[in-house]
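See below for the structure under consideration.
Labels run A, B, C, D, E and F following the written order; every chain starts at residue 1.
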């Protein structure tokens, strides 16, 4: 295991989520789930982050934001779509201002299903993201 | 005269949801603030065109993942009113219990976020730790932690057995005992007072003029609570419980925090009294079968954790509603927030933004 | 609508201690009475448990006066009305310049936009012949 | 003004320090699901009559039920686990279980997942836009 | 030796007179450059011929003393007459009144014959302090004059109305230098007084150069405050006139002053405080900021104010241990603290530089007032380091002002991206002012160590002043550094701004920057060969070893500090960076430092330093300091007047 | 020779000790919050990862300045234990802090800039104390070097109780602990988005971490000055103080910078100044 596996720092962005998945992402940080056990820090800053967790779907306005955040993350980096909306647009896929899942915009590495995604699922997603991160680092090295 | 421009949001760790504030600062005093929202607008009111009224409730309860229960309940109440459906007593009481549980959950969540906004990480952790107890109750009784999907037009889908209700009351009593300590922290911690007292003061007159609702209005000394005034969501149940809204006078960030602290305590008590009062027994009806299609319109208000929510529904006798309009409490509180941000310090901005308990996804739908 | 008289009534509400609860707009699809469609706009005020509404039918191209003079919190509703429905509002004190939502579809709740969506889902015949009144199609067969 | 030296949270901090953590140590310890929890919708092909009712009622349009080719699929990434399909299914072919749905990698997703937009995958421009005195 | 000194005094005066009539720009440039070269060479020659021991000498040849006396009186009369004329023309009677009073004293002394005949062999005094001052005046001064050749050309574009007056400007600069040379070498107090008043008058004319109502007001403020000091000087001469050898500066300051001469020493200190712009006289130097930058540089670094602290340092042995010394020390240190507070709330760069000058001089004043060998050691070091660093800074700010048309430091954003070379020069100057191990920090450190030995509550008070004052210094210089060092995506045309800076300016600034580094590197040598011997001689006792840090450590540290800009410059050749790639909450940033703003606009990212609003009220602190120091001075002067009565 | 050895040991061990302390801090913090928390070696994993990760540089100046920050922070500690004049090191210490301010401020970004300004205010708030503390130590012992203070028969802590008290206060600021972590914070929800390090990435953040470990070690060395009769006791006192800081960190919210500046000056003036005054008055 390299240092990446032990220190995955995350950035969370709320695309156009209903807050359900957002608060579950936050709940992962709190005592009952405590993802800091895996070295996770919620950085809030793309420049510090290794894993981008996106909740909610893509719409006209956040395409640009998602792109900026993704670009500002230094390599290697991984994108995790959290929740049905981020994976596919979910129940809002047919709403007029929703373009669909975030894989419309960013290369998504891990899909976490659920409405709302449960903390356990999010932890699974982060663990899987760590593996992808590791693969990407090896590929780059 | 040169000033600092701070682009706060759409991605900013202090803001749980995308919200844009262009802050213009001198030193760290905000001399101007230009807000923008619109990053979460999905257009779900227009989904009435494509989702039948029976399933539209699932869309409405996803307006917001924090007050999801009340959104589902409000939609069902509106449709029940249009269709003239009488909801069984037990279901009405169950809805009240869940609604108050949701309020506790929402307030604990918010108290945590608020604590994090003024840099009190442990308090955030602790509030969210307490909140998990509510989520467990919800998952056990409705099948979902966040999105409960337990309302349906005509009643509720699941009953809570009487022993389970008693267990919930006992669990809440335990929560309340633990929460007393946390409440004391909010009330007496000097560092919290330093950050919140006399910050973002909204006088009662301004709160009224700007249309503030919910804890935001109540913290400014306005006795405004839809549970009391409209009675739409309870049909007199709250009066039966001797409900009296929590009101604070100072109108500052601290008052807004304390209103919610006291409402947590109040809701725990309301659940206890409701369980005491509700009709008991096995196999009581919890739903009235609904037939036909809705026709007509209604205007319904009820009290969410963040304040008064308004549903306007117009149906035209088809399986698709003609118009659904949800005016959420945050929508009503944003004008007041914008007013408060000007003139405060940069470090106060998160507190002021958060003490309206913003739910942008509610606001933008 | 008579703008002056309307604003006077709104001002009376403000004076008497009412608060603004909602400004709601409903699009009315083109029909016999309103060949270009219309908007049902209502202003709702509350005082304690009391609730009162002012309702107006506004035709496309007609302007609605802003009530932000009496109710400063109204600007958000009015900007929304203009941006999502295309109802012109005159004299908003905080004019967000159509940047409130910046939707991908411009004016998504205008009668024509609604109509386009309904046609796309097959719930409305493209020719658009349907009954008068509120305009929405009566239930088609949902076999 | 409260006493500036009294910090009421200290008690909680100290008590926590000397008590076991509250953490549920997922994934090494997995908590049993609540009996009525809504997890995954399971489908039983053998009893399905392809009536399409579930697909029509699904608010998320996550079900494709093709009567002509006798195919049926639930897009688990789109499903919101509302339980409507299981409720309306007359044949009991759809059932809501308490199981959590699995996390998917890019390759596990039908179609391999979309790659996202090309422009975001390019490295940042190596041009020092207005670099310090490069002119 | 004596020939060189007379040359140093007379030559600039002559060149100045010449320049007053040269109108052709090319000719003026040639004359100025040549004269500067001569002055610099003569200065170096004088320094090299310094015999390693204090020297006293008179005028070369046989100039009769009577002629000198009448020359002095004539000069005094001329100066007074000039003040009377301009004062009356502008209806400012205070200056003429004080000038006439001084003339009256001089005339009375002369006519009544009360003035002791000076020792013809002791008219001039050249020791290590003189050496230091001569080097500063003779090397920094010419650099400023050369710089002014380029600066004034651009300045006239900004202020076209001053076009015709460039001639007198350069003439005055040289006359000023000549007067300064005379001031620092004179041993006879009446002679010194003439030069003293000459510098006052020169500064008056230079400050009022643009002749706007505003600058004339500032010029009169400077004139009046300095004439007040000069009046004190005159009264001191009056008091000392009867004492045997009393007008001999070297004898007067050879040890602690007796009660008979102490009042006169106090009045001389008053003159020094006024000239070095200590509180309550600080406002004249702030007003002087409105003059062209070479004037500011000259007043601040090599001439005017240095004359003030020069006199105070001279008086240090005489004031030692007396109440006068304590009062002067408190005035100096309080000034240091108060203007440091004021500086953190100021955004006009030149004003910040002015506050910093007053603060540095306050420290020197404090050191002189404490009056032990160690503090005098510190004081002289500060004079040296401050002169080079501050002149560089004023010149750089002047150049910046002509390019950016502002003195507001908030407009210096992205300076490193816009003007790389000028930024490096500015960095050097700022580093010289407050970064370890550049001289001023060494001096501050040594001052703290020296104050540790001041007994009683005063020691603790001095240390508190040093601790807070130094921290404030770090704050306001740090803010300026933030502006200079900042990078941003700028438009291409902004990066060509530097191309139009004249070679005169580059030459002067580069030379001074080199001097900043050189004196920092050579601090060990300077201490060993100049400052320590001076302090020993002045107090007849060697100072404790002050440089406990091995010079090697300082050298290494200096190398490390210098490595930073070099590394930064080297790194700026890299291309793997993107100036628009800063964190903007996910918004899109683009060239010109714009980001997507609220409501669909784009917005320029501007950044403003903090000015501690609501915490520190600069004006209030300044006024309070002026008041307190004014009271202290009233006590000081009161002593002198009581003894006069 | 001994000095050289001690200096080398400090340069090698200080980051190790600082890192372990940072790890322990995170574990204890997590436990105080009722969580399990990261492994003890987490800070080292973080720095290791940051060194492996790409660095997106916004300008070419930041990295040299950050390396300067690291170098001067290490140097100021090394100078202290290596026997240089104590009062001189405080200026090197300030220079190190200044380098960080400039590195952040060299990026013209609103958040970095605000962080830099706040760090400058932190410097303004703490610098008077450090000057006065070292002056007081020198005055009390008559020594001017670390070795001299340790050899002095005067028990510094007994002579300088007020200064020690003020140290506890100022250390909260320097260790970036709540309520005084105004310029940087590891807490996710912060208005400045980390402020100082907003625009740093990859190894650039690693330099900041390493420098902070040196800074922590230097503060520990400062504490041993007070307990000059026994260095182990001093280190134990530092650990106790650190534990107290962690407890306070977990039991308070973040103050505003205005309060930090005002209170820190007040504490410096009253406790340090008062103690110093007593020292001078009793010295005769």
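The rule is short, and it goes like this: a residue touches a chain if its C-beta (ideal position, glycine included) is under 8 Å from a C-beta of that chain, and two chains touch if they have at least 3 such contacts.
Please read all numbers here as calculations on a predicted model, not as lab measurements.
Any chain that touches subunit C and also touches subunit F is listed here: A, B, E. Taking the CA centroid of subunit C as reference, the farthest chain centroid is that of E. When every chain is represented by the mean of its C-alpha atoms, the one lying closest to the mean of all protein C-alpha atoms is F.
More inter-chain C-beta contacts link the pair A-F than the other of A-F and B-E.
Taking each chain's centre as the average of its CA atoms, subunit A and subunit E sit 60 Å apart.
In this assembly, the C-alpha centroid of subunit C lies 37 Å from the C-alpha centroid of subunit D. Look at where the CA atoms of subunit D average out and do the same for subunit F: the two points lie 44 Å apart. Centroids of subunit A and subunit C (each the mean of its C-alpha atoms) stand 38 Å apart. For subunit A, the set of residues that touch two or more other chains comprises 13, 30-32, 34, 37, 42-47, 59, 61, 65-66, 69, 72, 91, 94, 96-97, 115, 118. The residues of subunit E that reach two or more other chains are 416, 487-488, 572, 574, 576-579, 581, 583-587, 596, 598-600, 605, 607, 610, 612, 614, listed in rising order.
Each of residues 7-9, 12-13, 21-23, 25, 59, 80-82, 124, 128, 131-132 in subunit D touches at least two other chains. Those residues of subunit F whose C-beta lies close enough to touch subunit E in the complex are 56-61, 63-65, 67-68, 71-72, 75, 79, 84-85, 87-88, 91-92, 94-95, 98-99, 101-102, 105-113, 116-117, 120-121, 123-124, 127-129, 131-132, 135, 138-139, 144, 193, 198-199, 258, 261-262, 265, 268-269, 273, 276-277, 279-281, 283-284. Here subunit B touches subunit D in the complex through residues 51-52, 54-56, 58-59, 62, 120, 122-123, 126, 129, 136, 139-144, 147, 149, 158, 181-182, 184-185, 188-191, 193, 197, going by the rule given at the top. Residues 36-38, 41, 43, 45-46, 49-50, 52, 208-212, 229-231, 293, 299, 301, 308, 310, 312, 314, 316-320, 322-323, 325, 327, 331-332, 334-336, 364 of subunit B touch subunit C in their complex.
The residues of subunit F lying in touch with subunit D in their complex are 28, 30-37, 56, 59-61, 247-248, 250-252.
Within the complex, the subunit B residues that touch subunit F are 4-8, 12-14, 28, 113, 115-126, 129, 189, 191-192, 194-195, 345-350.
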